[in-house]
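In the two complexes below, chain A is the common chain; its partner is chain B in one and chain C in the other.
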Partner chain A sequence: MFLKKIILISTLVFLLSQVFFAQNNEGVISGNFATTIQLYNEDTIINSAYPDHRLGANSFANLNFNKGNFSAGVRLESYLNPLEGYPQGFNGSGLGYRYANWNQDGLDVTVGNFYDQFGSGMILRIWESRDLGIDNAMDGLKVKYNPYKGIYVKGLIGKQRHTFNDGLNNGNGIVRGFDGEININELFDSTLLDSKLQVTIGGSFVSKFNDDNKTPDFILPKNVGAYGGRIAARYGKFRFFGEYIYKENDPYADPNFEDFNYIYKNGEGVLLNLGYSQKGFSVDLNAKHMDNMLWRSTNSTVQPTELMIGFMPALSTQHFYALAGTLYPYAPNFRGEIAFQADVLYKIPKKTKLGGKYGWDIGINYATAYAPERNFLNDDSTSRKSYETKLFNLSDSMFFQDINISVTKKINKKLKLKLQYLNFVFDDRTVEVTESKELIFADIAIADFTWKINEKHTLRFEAQNLWTKQDQGNWAYGLIEYTYSPHWFVALLDQYNYGNSIEEKRVHYVMASAGYIKGPHRFSVGYGRQRAGVFCVGGVCRLVPASNGLTFTITSSF
Partner chain B sequence: MKNLFTTFITLFLFSTVAFCQLPNNVSLKDMDGKTVDISKLSNNGKPMIISFWATWCKPCKEELNTMAELYDDWVDETGVKLVAVSIDDARSTGRVEPYVNQQAWDYQILLDPNGDLKRAMNVNNVPHTFLLDGKGNIVWDHNNYAAGDEKKLYAELLKLSKK
Partner chain C sequence: MKNTLILGFSLIILVLVFSISCDRIENPVVNNNPSLNWSLYPDADTTTYPWPIWEENTNQTRNVLLEDFTGHTCTNCPAAAVVAKNIENANGGKVIVTSVHASTSSGFQVPSPPTLPLDHRTEAGNTYANAMTIAFNPSGTVNRTITSGNYYLFVSDWNQKVNAELSKTPDFNIQVQYNYFEETRGLFLHTECEVLNNVSGDYSIISFLSRDKVIAPQKDVGGVTIYDYEHHAVLSDNINGTWGTPIITGGATSGTKLYNNFSYEMKDASQDSTYKIDNISIITVISDRNNYEILQVVKTELEE
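Here is the complex of A and B:
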């Protein structure tokens, strides 16, 4: 209530000032809107989602007002009923977000709801993804200040969005954070601004307070702190980023593993990135060690995506082709993992013997993740630290591996071909996103062929195949898509689980869709079967069930 | 809640029709780590294209690659500048620069890992491309990309430079 009053008063004060000191710059209202409506049919063969209410509708609209240095906004949200597979905790209609912001001379103040990120986000990432159903918006105060050239500081305090039930419901925990960053080259701009060596250093401190201990067996710390530093540097064509975060012990219930249940172990996270790139060629290397870094503003058990303070990036490619992207996607193990990734991009130059008229793009990617080597202490009844780890000391238990190579070739003015091959090893005994819970080996081949018929008309074909002896067996995928620029598209796709060991489950998932786009407005409609898919983000995977029916979406902005 | 609505309606009444401009409370970093105040983005009175993309977004890359082939001509004819805003987060920000260099894009690249500019410009999903006139007014925008859409953008761009 207090915050709402602040927003109200500040906007009124502003309005009055506008009346009395009429200015030339006019206020502007802008916003956006999106709705997805799904009508469900019964389809027992694919075990489709078939809720009693038959229809799901997720919608939101943002409205922003801006005038000079002042802005304010609201978001209205509606989940009537939430789409099947959308995370729990989104229900009804109401106000999900509101803020007022004022910005002048390097000082930026936000009251109400806000999003932000410190460094890579390991220590704090307040963000939203409306498609995935993630929103951990803070509700409180954020101040950013740029006191001197090259020096940036920000501080924030607030509660986090927990659920939505005809309106915003905040969690009980309070998050307090401070972050400072110095860009050395901006600071000493007279001599270093355009130096070959560019360096930025930063440091963060975040603490949370919560008093929601649900267990009589343990005394839990009510205040938990996390802190760390980072450096980003560039020298010519080389680039380096490193961040280290240390989190104090923050016990929580882990019903599946006693070794992680209410343990008083500190957590730590390291992210390293080294890259070299020049025109037509680049190498990018990543390494990550994260242990016991689940970081939420509560000690209670909540839904996986709720009340997250820190972000756990997966060191793997987010694949956009369907069979590669949503059957066996990897999400980091929140208890701990050591991961590596290497990426090489090369362009065989155009107008060479090998490259031909247009050249070739080649991409090679390797990603893997392991459990850390844990030295268990057997101290359940004493210190309860449970185990020790050493940085980048990995065990031989591999969670996941992805090796993939892609080639893109423009054949002539009208034809373009992209081929990709992927090899996955996916230990579902630990990742647990399929029903089979076994070690899965999969190979995927993809061909994507674009035929530009003329300036406005384009046909695109996609053929994919996945081979595996585990889980649901082999899959084939075919897509044909026709676009008529700039307004229309129609597409037909079929996914066929021909290798399923259960004969009745060897079914086709056929989906037809069409859409109309006009500037910032987009309408689309789809009808058919949707395969169950797994969507992973920030260390959390979510299974969206199979469905059969009609889907209608509108997105728009103004 | 009612109060808030009243406030907004009042604000709406007070605000007359005006072009949307770039937000004045967002700063992003470029690939050197330097901070760029978005309200100060300009192209000396010439038009500017702002295109939101991500390394995991296939149509985005198609759009920017197609425009890369035409970009030199567009710059010669209209003086336009293209700013490509990547919304990749910590999982893939490291891949932005390698990709940009592989494709040898001449665009100004900005990083928006937490969607600050995306939110401020009401972008629902990528690709989303804006055209700004020399005064920084958003005169045209388009969501999605299909081959050929760049023609429409080019036509709008020519309209601007003939004014």
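Here is the complex of A and C:
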């Protein structure tokens, strides 16, 4: 079946290319491919994933054809079987995405699958992350038009990708959206084009139609709308972005919390950003109030990341070092939260007394999130609004806090050092990413040392330690990585849970890996233990189970 | 030309946007209590039912139920009723009196036509009298507590016991709201029980119907029959059964709120004017299922 589809698609792309190549030779076919194959060993000490099928393989290939104003493409996907921890709903092989697009004279039309975003994404963000297992691609029609200078409008309608089972399966909900944006400076270009103040305003309306949920207990709205406006401004080195979104009654089942179960309260979200940047210094301030902004194209219960129309941005730094990034990463609370973040970057100039020959890069970041103050109404047998909140009126219930500081110093031409300290307060009673479900206090120290031995040889060392009295206790992490440019690298890492209160769980997670890169092709192989953790992108997370075995990946593009 | 294009395009978009309406649901709950008799609700569309909105209950008093077990041939009972009424009047709504025409023998309650033709007894009243061994009239219970091994109290002890109960800290609060539909004689009763302190044990909510005034013959001292005697707060029927509806089993934590809904078809006032709605009160209690003790009580006077 899968082979037939591949042959069909390949033939289609080939024929298309022949048609266009027949006219002239300007058509271009491009694509990329990636596969991750994991062979699982049984490892009872770490309670590793050990499925009956022993081997998981996630693969995909994009094929795109482009000629002039026309483009078309497909993505073939394969999950045989999906990697352990990958979301349910990805199985088999087949066609996961196909589209055709053309644009002319300011009109841009896409039919088939597409991704898009209105504003910050609170009201609509159609996106995919193959690593996370998120793909809420639309399947329908999208039209963008630029009717006049500075005026940009787009409208879309379609169903969202829900699952993949030997092919694309769309949800039943229909999403309809319209977004308009006016660039004031472009609109009045004769007087404002070169103004120091640059302003863009926009507005969006998105609605869904869905009738999946047949609960006999409540009358559910079949058509739910959300709308809002935004403004983006820049004045010299300052920039500002603000967006407000309002969502009409949109109840979902939330059986664990009766106060949020099928509630008809309208949702609202506010996102504010103020930034300043100049050479060697920048500051970025963010504030967010989101309340009852879960926004899916179905009102039935589905997996957490499925059929999401809106995106709830996390005001927290996405940490890339293993202990900081995967043990206690913060994911926004979809019931509601008020969050703040401040980010300051400063470079002590080079060739100064303090900065030395190469200067210093210093980064300070503070992020926190609280539950909104809620005044509950006791109206569960009547209007079921459930509670009232006020914008940015936070309660004393803190979900999360992250204070971190990093210093990066190039010592000489060969040596570079980065030091980072992080302090977390993490309320796992609400974030729920560990088994401990408690308030966690953690400190993390990281040292990253790169030694460029010569043009071809580089050694990198990474040492991390996490201290906490909660959850699994203290962790240590060490990594050594050798790169032989431009083709080879090998690495050895160990994560050691030396502070676990249960002695048998003080386990070393040793992983060896190697890779080979040649042009657009990258091969890598890893063998060892992988710790259970949480993998996040932009505040959207998935749990990755502990595993032991061999992992092989290939990525390529043409 | 361009302006026309912009205008036309904008109009199309606006039409599209506004043609996609949003469903705003004001009354989302679908007959979520199948135990309610919805035939008593005049509108066939039950989603229009005006469910109550609850406000914070600020009561800090443990109210007292004084049950005056009486009988219409009991010659000492009118005097006892006066005592009960005086206690009720003296406590500004914190003491609620109900006249229960019952005793274990029913000696003073049986009808005695032609002078005393009416039967004021109720099934629930008889059951309470038997459960608490109310062997004589007049006698009373105060929050159905036990004193010297007995539930019953002599009239002379009522006031002291009432004051003792009033001094206790409440463990529960009750709020009651209702809707009455004249055309169907349908009474819909909604209760909110709030647990104020952590409690253990098993508790039920009981709502019963009391007629505020019933003019009917009564024997008085010396065997004299008073034909236009005003019986006060006569227990007349139970809304949700003799022992009510269990709401807590094993215990509950402070802050817990429990909601119950009941429906009841009122008797036809054209047949018996004492059942006119403005002569009816609903007395709602929280009772310990293991020893009958009343932990809280409220009285709701119905109005048209």
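The criterion applied here is as follows: the second predicted complex is superposed on the first by the 527 of 558 C-alpha atoms of A that agree within 3 Å, B and C clash if a C-alpha of one lies under 4 Å from a C-alpha of the other, contacts with A are read in each partner's own complex, and residues count from 1 in each chain.
Note that in this section a contact is a pair of C-beta atoms (placed from the backbone, for glycine too) under 8 Å apart; a residue touches a chain by one contact, two chains touch by 3 or more.
Computed from a predicted structure; not experimentally measured.
Asks: Putting chain B and chain C on the same copy of chain A, do they fit or clash?
Replies: Aligned on chain A, chain B and chain C fit with no clash.
Asks: Which partner chains sit in contact with A:483 here, chain B, chain C, both or neither? Use first/second/both/neither.
Replies: Only chain B; A:483 stays clear of chain C.
Asks: Contact-wise, after the overlay, does A:392 reach chain B, chain C, both or neither (first, second, both, neither)?
Replies: It touches nothing on chain B or chain C.
Asks: How wide is the angle at chain A between chain B and chain C, using CA centres, rounded to the nearest 10°?
Replies: With chain A as the vertex, chain B and chain C sit 160 degrees apart.
Asks: Is A:155 touching the first partner chain B, the second partner chain C, both, or neither of them?
Replies: Touch partner of A:155: chain C, not chain B.
Asks: Chain A residues in contact: does chain B have more, or chain C?
Replies: B
Asks: Looking at A:252, would you say it contacts chain B, chain C, both, or neither? Reply first, second, both or neither.
Replies: neither
Asks: After superposing the two complexes, find the smallest distance in angstrom between C-alpha atoms of chain B and C-alpha atoms of chain C.
Replies: Distance of closest C-alpha approach: 20 Å.
Asks: Looking at chain A, which of its residues have contacts with both chain B and chain C?
Replies: none
Asks: In the complex formed with chain C, which residues of chain A make contact?
Replies: Where chain A meets chain C, its residues are 145, 147-148, 151, 153, 155, 176, 178, 180, 205, 207, 209, 216-225, 248-249, 251, 262, 264, 377-384.
Asks: Which of the residues in chain C end up touching chain A in this complex?
Replies: Of all residues in chain C, those touching chain A are 2, 5-6, 9, 13, 16-17, 20-30, 32, 47, 51-54, 190, 192, 257, 259, 261.
Asks: What part of chain B is in contact with chain A in the complex they form?
Replies: Its residues touching chain A are 1, 3-4, 7-8, 10-12, 14-21, 23-25, 31-35, 56-58, 89-95, 97-99, 101-104, 113-116, 119-120, 122-125, 128, 140-144, 146-149, 151-152.
Asks: Which bits of chain A are touching chain B when the two form their complex?
Replies: 4, 7-8, 11-12, 15, 18, 26-32, 34, 62-69, 71-72, 74, 94-95, 98, 101, 103, 108, 115-117, 120-122, 125-128, 131, 152, 167, 183, 185-186, 198-200, 232, 234, 239, 241, 271, 273, 275, 277-284, 286, 311, 313-320, 343, 345-347, 361, 450, 452, 455-458, 483-486, 489, 517, 519-522, 555-558
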